[in-house]
Amino acid sequence: MNAKRKKLIYNSVTFGIVILAYVLCSSLYGSMSRSLRGQLIPICCWIVMAVSLNLVVGISGELSLGHAGFMSLGAFSGIVVSGWMLNGFQMENEILRLVIAMAAGGLVAGIFGVLIGIPVLRLRGDYLAIVTLAFGEIIRNVMNCVYASVEGKRLVLGFLNPSLPGKLLLNGPNGAVSVGKIATFGAGFILILVTLTVVLNLINSRTGRAIMATRDNRIAAESVGINVTKYKMIAFVTAAVLAGMAGALYGLNYSTLIPGKFKFDQSINVLVFVVLGGIGNTLGSVISATVLTMLPELLREFSDYRMLVYALLLIAMMLITNTPASRAVLNNVKGMFRRRNLHQTVQATQGTGKEKGGRQP
Amino acid sequence: MIFLSNLVNGISLGSIYAVIALGYTMVYGIAKMLNFAHGDVIMVGAYVAFCAMQYWGLPPAAALLIAMAVCTVLGITIESLAYRPLRQAASLAVLITAIGMSYLLQNLALLIWGANPKSFPSSMIVLPTLSLFGGGLTISGVTLVAILANLLIMLVLTTFINRTKMGKAMRCVSEDRGAAELMGINVNRTISATFAIGSALAAIAGVLLCSAYPVLMPTTGSMPGIKAFTAAVFGGIGSIPGAMIGGILLGVIEILGKAYISTELGDAIVFAVLIIVLLFRPTGLLGRQVREKV
Amino acid sequence: MSETIRRRNADTKMVPVPSRSIIPERDLGKMPVLECQHLGIDFGGLTAVEDFNLVVGKTEIAGLIGPNGAGKTTVFNLLTKVYEPTRGSVMINGIDMHGMDTVAASRHGIARTFQNIRLFSNMSVEDNVRIGLHNQVRYGMPSGILRLPAYWKKEREQHEKAMELLSIFGMQDMGDMQAGSLPYGAQRRLEIVRALATNPSLLLLDEPAAGMNPHETQELMDNIIKIRDQFQIAVMLIEHDMNLVMGICEGICVLNYGKIIAKGTAEEIQRNPIVVEAYLGKQKDVGEKEGTEA
């Protein structure tokens, strides 16, 4: 099979599954349990988080442990902007407000993505990872000290200063109170489609190839004239923008939200989605984010044991997919489907007739 | 004088971070993995010591030894069950397994000991509070013990790494695992030993931590764990003196930052300093600069 | 050095130019592609390359030879700005390279292959070449994401160019294969194709024939000449295979301990007693000490 067609099929399957899932969920909406219904929008947000983190971890090859920080920035700027629009400008149209809030969330997260990316992307490997973790924690810590209110048409921001005039939107460690719950499942679905379009089209383009080149071999990428920092930055900031938009949607789905919600654990959770879905595999991220977000809910019958079971499942899955013995079994299964393919590859290699010295010199 | 007392408190907290960071740095240096469950081994150590004293009425020294023994066994078990099968796997897979292990330990602790915070007995530390400058500067027993314990551990560990056969094996495995194996070094046993030492240190750290901040919960270990990990990176991960310097500096920065800049921003200051240090020394204070060969 | 070498460079007449170098007569009157003056670099206290003076003509095939550890790859690293020289200057097509980085060096027309192959091994053969075309066939990120007409047009152009370049080595049918799964010889050839894709005026080949059998080497020699003729570029190569060097290189430069010990045509180099001594050692100290390749 030709590589181009393979990509096309992969992309169509990814979009197909998402669209099918949306159609199924919206038609079954009436018969869903309350808790499952409440999960729909968060699932959309986590899918976007996982797909965007995959852009950093899988495509640009840098471990980021602070992705929830961008979600937090997006969530609170989205909430503030939405509250500002409502209280300052009497904007009653919820859809418009949601769109503006998500754009603002993406913008703020993107700006911070650039600011954070500049120092972070100068480092390598585990040192880069720990600095992303540090930034995630700094964002959470700083968000605890941010206050915002709207007075007339004016937005007032305060740092470590809770006594602001007008209607309070953001109250430091107590977070956002009386948020208008304007997030909708449809918006989540559209955000997923946008994310998939951006990420998949990016991967299969000149920019995406340059990003993957920096991942596969930094020195070789530089030697062919690719500015490594620039392309790592593109991946990092794109992911931050998407995470910010997901954050805004997430924040506007709850009536209250505290900065402590976006702890280091959340960044790790998203990373778990990415790794379990297959590093660099967008469809995998979508599926694992969905399944793992619902899993604690599905494990309800284990009640007290459900997080324990979740932890055990996590370890078991890593062991099954990564040990040599189980890998061999998996490859055998895969081999049954790929035999035809392999045959073609062998033919292609022999076709040139130059590989193994057909004639004696 | 207040500054001096803050400084001493910082060094004390830093010493605890340093003991935890030693565990991180040894495991990273030798097994080349980030053991995210290390923070939770601290928590287990603290709970075991707590039970030994509170429920079984054992003396503090015995409680500490039991905690160390339990953590050592726990460390070796975790390593052989979860990490050893992944020796050849991608480092991210190992990282996720370690995270899973961390969740597992936290939730096991939640089931066994419940979510309610336990108040750690103060009888653990027998040293009296030291009063200097006519009461101008008081140094609590915990502070003294933490600093002394840190120095002692450093000394013993450095001697162990540099003077014993197992220490040499550890240095070999750290340098080149494949070559060490070819020289007849049992890599699995060496890594097990590393985990054993790291986990025993975690038990000591757990007892020190809970003596200084006597609130014991299933999540007690996670934040100090992350901070200690930061400290290890700060000092140059893989380096034992680096872990100590990083730990102490981090503790001092945290306490001074909270005292003089802002209580709310204490953690942010710690992490900001880490970032600044890494920008100027990309492999930490004492980390080796490795230049990729072209 | 046997007499059976098939001379492919016999018709080149070499003429002297300033700074005691020689270039092919046909390149006289054209700007030399490369001009190094007093180039040198120190690593700490070690002087790896010293007083390196060389002129490479616009369409010359130049050889850089010398014993292991002589500093040959370091010269390539200096030319491609992996290292910033401590002393001296490099001019590429008359432009001073001072202050450029690797990316700028590539944009100014220097392309290279690596001693230990550096392909984008998880990507397809065609994508490897397309990445080489990165700065040749350009379109912006928005065009890529929104699939604007520019995307389709330039992607087609990239594909056609990539296939054309691959066909130099008869690899056009392997476009969809994973680069890392190719046989060794094909990987070396792919590296050359990728370097060519950057539209260089100077192609640096670091041991292109390493690991190839004599037949493959012969084919490589023909292809290097073919590339030079077709693209009208200069090629500079490091190689230990004397058949290849003496067979196709027009000007040869011999390096030992970081210094040029001889420059000249193949005949001159073969007759030069200093070169023979550098390679085989004096009669007395045959066990010549070999440094490490930098």
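Letters A, B and C name the chains as they come in the text, with residue numbers starting at 1 for each one.
Note that in this section a contact is a pair of C-beta atoms (placed from the backbone, for glycine too) under 8 Å apart; a residue touches a chain by one contact, two chains touch by 3 or more.
Computed from a prediction, not measured in an experiment: that's the story for all the values here.
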Centre-to-centre on C-alpha atoms, which chain is most distant from subunit C?
B
Give the identifier of the chain nearest to the protein's overall CA centre, each chain being represented by its own CA mean.
A
Subunit B to subunit C, mean C-alpha position gap in Å, rounds to 50
Whole-Å distance, subunit A centre to subunit C centre, using C-alpha means?
42
How many angstrom between the C-alpha centroids of subunit B and subunit A?
31
Residue numbers of subunit A (touch at least two other chains)
219
Pull out every residue in subunit B that's touching 2 or more other chains.
294
Can you list every residue of subunit C that touches 2 or more other chains, as numbers and ranges?
82, 114
Spell out the part of subunit A that touches subunit C in their complex, as residue ranges.
2-3, 197-198, 201-202, 204-210, 212-213, 216-217, 219-227, 234, 345, 348-349, 351-352, 354-357, 359-361
What part of subunit B is in contact with subunit A in the complex they form?
28, 34, 82, 85-86, 88-90, 92-93, 95-97, 99-101, 103-104, 106-108, 110-111, 226, 229-230, 233, 237, 262, 264-268, 271-272, 274-275, 278-279, 282-284, 292, 294
Partner subunit B, residues of subunit A touching it in the complex
57, 63, 119, 122-124, 126-127, 130-131, 133-135, 137-138, 141-142, 144-145, 160, 173, 219, 264, 268, 271-272, 275-276, 279, 304-305, 307-308, 310-312, 314-315, 318-319, 321-324
Any idea which subunit C residues touch subunit A in the complex?
80, 82, 101-103, 106-107, 111-112, 114, 118-124, 126-127, 130-132, 134-135, 137-139, 141, 143-147, 151, 154-155, 158, 170-171, 173-177, 183, 185-186, 194-195, 197-198, 213-216, 218-219
